[in-house]
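Have a look at these structures, which come just after this line.
Each of the two complexes below includes chain A, the first together with chain B, the second together with chain C.
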Partner chain A sequence: MKTTSFTKQEWDEALQGLSDSYRIFVPIREGDFHMFRPLENGIKPDFDFQNTRISPKSIIYPQSERMFEYTLEPEDPEANILKEAPKDYSPRAIVGIRPCDVHAFRIVQRNFDNPEFRDPWWVKHFESTILVGLGCNRPCSTCFCTSVGGGPFHEEGLDIMVYDLGDRFLAKSLTEKGEDFLNKTKAGAPADQPALQAAEDLKESVEKAFNPNVTMDHLHEKAVLDLFNAPFWEEVAFACINCGTCTYLCPTCWCFDIQDEVFAKQGDRIRNWDSCMFPLFTLEGSGHNPRTKKFQRVRQRFMHKLKYYVDKYQDGVQCSGCGRCVRYCPVNIDIRQVAALMNEL
Partner chain B sequence: MKNPYIPYPVRISKTLVETEDKQLKSFWLDFINPDDAKGFEYTPGQFAELSVCGFGEVPIGIASSPTEGDTLLFTVNKVGHVTRKLHNMAEGDIMGVRGPLGNSYPLKEMEGKNVVIVAGGFAVTTLRATVTWILHPDNRDKYGKIDFIYGARTPGLLLYEDQWSEWQKRDDIDCHVTIDRAVDGWNGLVGFVPTICEQVAPKPDNAVALICGPPVMIRFTQPVFDKLGWQPEQIVMSLENRMKCGIGICGRCNVGPEYVCKDGPVFTKAQLDKLPAEY
Partner chain C sequence: MHEYSEKIRDIAEKLLKNGTVDVFIGFKKGTVPMMNEPVLISDPEKVHTLHWDSHCALNLCNYLTGRTDKIGILATGCNSRNIMTHIVENQIKREQLHIVGIPCTGMIDHRAVQRAVQFKEILDITEDKDRLIVKGDGFEEKLDKKDFLQSNCLTCAHRNPVEYDELVADLVPEQEGVSAYEDVTQIENMNIDDRWDFFRDMISSCIRCYACRNACPLCYCPTCFVDESRPQWVGKSIDPTDTMTFHILRAYHCAGRCTDCGACERACPVGIPVRQFTKKLNKDTLELFSWEAGLTSKQRPPLDVYKVDDYNDFVK
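Moving on to the complex of A and B:
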């Protein structure tokens, strides 16, 4: 474990210098928002942000991903035999990821890497990634990470935690992988006592002022059918336009579809993010659909996150408290209010 | 790391149009690499994803029984993109099979009990596997009386006539095959499945019922069993929500906290009573 102090310029230069060893993803400003993008020539990271509009989940789990490839060429002896699509598992780093988005990876890990089945692509992408977190000096008004087991400076799952002390960054390695990353920068100086104290003070003052207080403590006690049949679902879903924005922005939504695509005689089997907000998601070949109504789909989303997941894994909700769905929902459906309704039923 | 999404390559060794409306077609599939057959150890009630390059995958119950050898049998209803293509494939064509997937009928727990098997329409597939498995000389002694009740709208819509006509000749299974309305040339039972169940009146004592069929059959069969004193724990059903991955990861087929593909497709009525009816 080591803690290194970098001036902001040193940090930027150090990251540029590491791009031979890692594929580095950093937040950059795009219009009014921030996005994670690969650090390439001419790209300027901007660490002065609250959170990226879209979570970094696609760096581990691309929105569209080739699974297999095959040829349909009748003369080819390998025709119609699936081969794994080549992938790049070289080391990569997500620098500036917020603790909530790291917490989200830990939540979805239970789905993709379970004792019965391991999703090879998610697991290998995740294992080749270093997570360099950036503590939240200014949590958003929609954030509630502390209500779901996280916090603005929550270190769990991170390889390095970075504190923004105004004129410099303090980077604390938390794992061997993280220490290796810091060593490779060959920059910065060991943090002195006043810097360490400043980081401690920053954490304390932010945590003290941040009090979102969304209560979910009774969810695990409720019966599934009581919540499922609760009277409030039609009202919760009333304004919903089933746009699916919440599911695409959510760092803990993991559902996907599998499709074949063919160009000439070459084919791919690909998977694409999918959304329980769409009626096609559950439409069966016979025409039967167990979730034809909008409120059923909205209910599915909240029940999955706040009840089914809770019961299945007995370790909290399937929500990292990042607040993106609250901020970007075009009709202002607020998971914090729904959680309260469910918790108080 | 074993890739759970990659199908075993198989060759279609035989096909058969099963029904007069040509909607159902059976496919016998042989593993191209004989070792793959060893990796595909299955139990009646399980399903597999049939893979057709350029079209995709479709989850279908396994209609063969492992007691019949390494060749797999699937009977496919022509309804969508993949199944339409499948129906146009021929003997010798190469495709894929991924599985076996899901749980199976509780064959172990059923030992020592009488078994009532109720099938409607083409939902008979995995029940064909189950009856074949139970009737195998290695297994038959483990079970008590076997009743097989199977119905379709017309004689031409009944699947697997070769099998059930053989079963009808045996004295270790009572085979009740019925059609909805009388037609010329049909000498068997006439009446809906629930009516036949009422006539057969299987006793619930030390018994298990496996019931599979269209929702309307289930809706009218359930009260018959209730009236005869059957408990929800004794009634076993198989669900078929829309699926993709088949291994509980893609998030599509859930019924409450359970995934039909991994935690099911077989559930007891007692389990289903505690879950949202989203199937």
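Moving on to the complex of A and C:
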């Protein structure tokens, strides 16, 4: 393990210097909010942020990804044969990712990389990525990572954890990949004892002041059908407009739809994010739709995150506590309140 | 406008208790600052959850579609115009409704407030007459409400409900001499390439979540054209052509029906000013047909009527 101290300028320069070895994604402000963008010429990372509006999920799992391509040209000997579409698996780094969003990758991994199934694209994108986390000095009022097994300085899943100590960054490698990344920066200085102590103090003071306290401790004991048939779903769902904001901003929502798009004789098979909030999500080929009602779709989203997942994997909820859905739901449906209703049923 | 809350609760309790309505649609106070949640109340004991302030900018008419019961509903000027449109378009019957009119002094642009405090996290915001008091960790700022109104409210010419069964307060003076279409004129004056670039850049961050469409009371089609799969009209990826097709067609479907309530723009999670599309069509229907949507429940919007004696030759 290696712990290196960088002035903020050294850190910025080090990242620029590494952009030959990695495709580096950093938070930048675009208009009113922060987004992860590739570090290219002229882009200045802005690490003074709470979290990005759109989660870094899309860096590993793009909203639209070409899986295969094919030709329908009858003369072509390879007509109608699906061929892998070119993809870029060169090494990349997400720098400044929050611990909750790393926790989210671990949740999503259960779906894409498990003993039963391995999604080749997600796995290859994930394995080519190094995660350089930035501890949360100022968790949002809508954050609740500590209620779902994470924390503002939670290190699990990270290759490097960075502490923002005001005038400098302290970067601690947690894996070999991380140590390699730090070595390649050829910058900074080994962290001295006062810097290590400052990081420890920072972590302690932030964690002490942060008590979101969303209770989910009884979810696993509840009977699925009791929750499914609970009396509160219509009321919870009333305000919902069935948009995809919650699911698309969520770092743990993994559902997708596969579409063929053909232009002239050239076809692409594309995987797009899908949302259980949309009626089309469950429309079957026969025309039957098992979830025609809004409350059924809203119930599905919360049941999947807070019950089905809990029962299936026996390791907490399918939520990293980032609070994006709480903050950006246009009608203010708040998962913290729904979790409490389910937990207390 | 937060002083309306008490009156709203009284009215809702009265209407529910005396059986005038089965349900009452209003807002309850949100769990995060500048957000309120639309709520349906059927139990008079629960009217205390009703709340009103200058962050009630979603359009409650959106919750009327297809209801068969008797409904009490709060309606600002723009919301009431959407209710008229709903009645004209047979989405609800006037007899089902008890419209509780809200004389509106404008809704707060939460993004502008966020900018004014340099994006620091806002933990609390309260209204004191014409002022907003914004608080967060280590700061407190007093802002003039009039400087932070949503842009559609700044140019609103119908702040009072166009039709109502009772009012929560006295009617407010309408704004005179407001010019609603300066921004549209600017876009019209661009050359065609610049205009295309303007709209392309404007929607470049769209994530196809359809919050704009779904926050809009006009969008009640059983299956939206973007959701049709047999045949499929529009691709579902975030390809710019498909995304643009969605936005432009959505706007055209609202032509002559949009009341510029701003719910679409408010709902957008990535802050796209989607009203730039609908406003152009509002301007066109005003200039071509002297028409503003939803001022009456007696006349159909210009683009869904046919008259044998139309003075234009092309329809004959």
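To be clear about the criterion, the second predicted complex is superposed on the first by the 345 of 345 C-alpha atoms of A that agree within 3 Å, B and C clash if a C-alpha of one lies under 4 Å from a C-alpha of the other, contacts with A are read in each partner's own complex, and residues count from 1 in each chain.
To be clear about the criterion, a contact is a pair of C-beta atoms (placed from the backbone, for glycine too) under 8 Å apart; a residue touches a chain by one contact, two chains touch by 3 or more.
A quick note: this is a predicted structure, and the numbers were derived from the prediction, not measured.
Here chain A is shared; do chain B and chain C fit on it together or clash?
In the superposition, chain B and chain C stay clear of each other.
Regarding the shared-chain residue A:I258, is it in contact with chain B (first), chain C (second), both, or neither?
After superposition on chain A, A:I258 lies in contact with chain B alone.
Tell me the contact category for A:L283 with respect to chain B and chain C: first, second, both or neither.
A:L283 contacts both chain B and chain C.
Based on the superposed arrangement, let me know which partner A:N272 touches: chain B (first), chain C (second), both, or neither?
The answer is second: A:N272 touches chain C but not chain B.
Quick one: classify A:R138 as touching chain B (first), chain C (second), both or neither.
second
Who does A:N332 touch here: chain B (first), chain C (second), both, or neither?
second
Touching A:Y308, do we find chain B (first), chain C (second), both, or neither?
first
If you stack the two complexes on chain A, which partner ends up touching A:T146: first (chain B), second (chain C), both, or neither?
A:T146 contacts neither chain B nor chain C.
Touch test for A:T185: chain B only (first), chain C only (second), both, or neither?
A:T185 sits against neither chain B nor chain C.
To the nearest 10 degrees, give me the chain B-chain A-chain C angle using C-alpha centres.
So the C-alpha centres give an angle of 90 degrees.
Considering the aligned complexes, could you tell me the closest Cα pair distance between chain B and chain C in angstrom?
Closest C-alpha pair between chain B and chain C: 6 Å.
Intersection of chain A residues contacting chain B with those contacting chain C?
In chain A, residues 257, 259, 283 are touched by chain B and also by chain C.
Once bound in the complex, which stretches of chain C touch chain A?
My answer: residues 30-32, 35-40, 58, 62-63, 111, 114-115, 119, 121, 123, 137, 205, 207-211, 213-215, 223, 227, 229, 235-239, 266-271.
Write out the stretch or stretches of chain B touching chain A in their complex.
Spelled out, the residues of chain B in touch with chain A are 1-7, 9, 51, 53-58, 77, 79-80, 83, 93-96, 215, 240-242, 244-245, 247-252, 254-257, 262, 274-276, 278-279.
Can you name the residues of chain A that touch chain B in the complex?
On the chain A side, the touching residues are 67-68, 70, 72, 79-82, 84, 111-112, 114, 116-120, 123-124, 224-225, 228, 254-260, 262, 267, 269, 271, 274, 276, 281-286, 288, 290-291, 296, 300, 303-304, 307-309, 311-312.
Which chain A residues qualify as touching chain C in the complex?
30-33, 50, 53-54, 63-64, 138, 140-142, 235, 238-239, 241-245, 248-249, 257, 259, 261, 270, 272, 275, 278-280, 283, 326-334, 336-337
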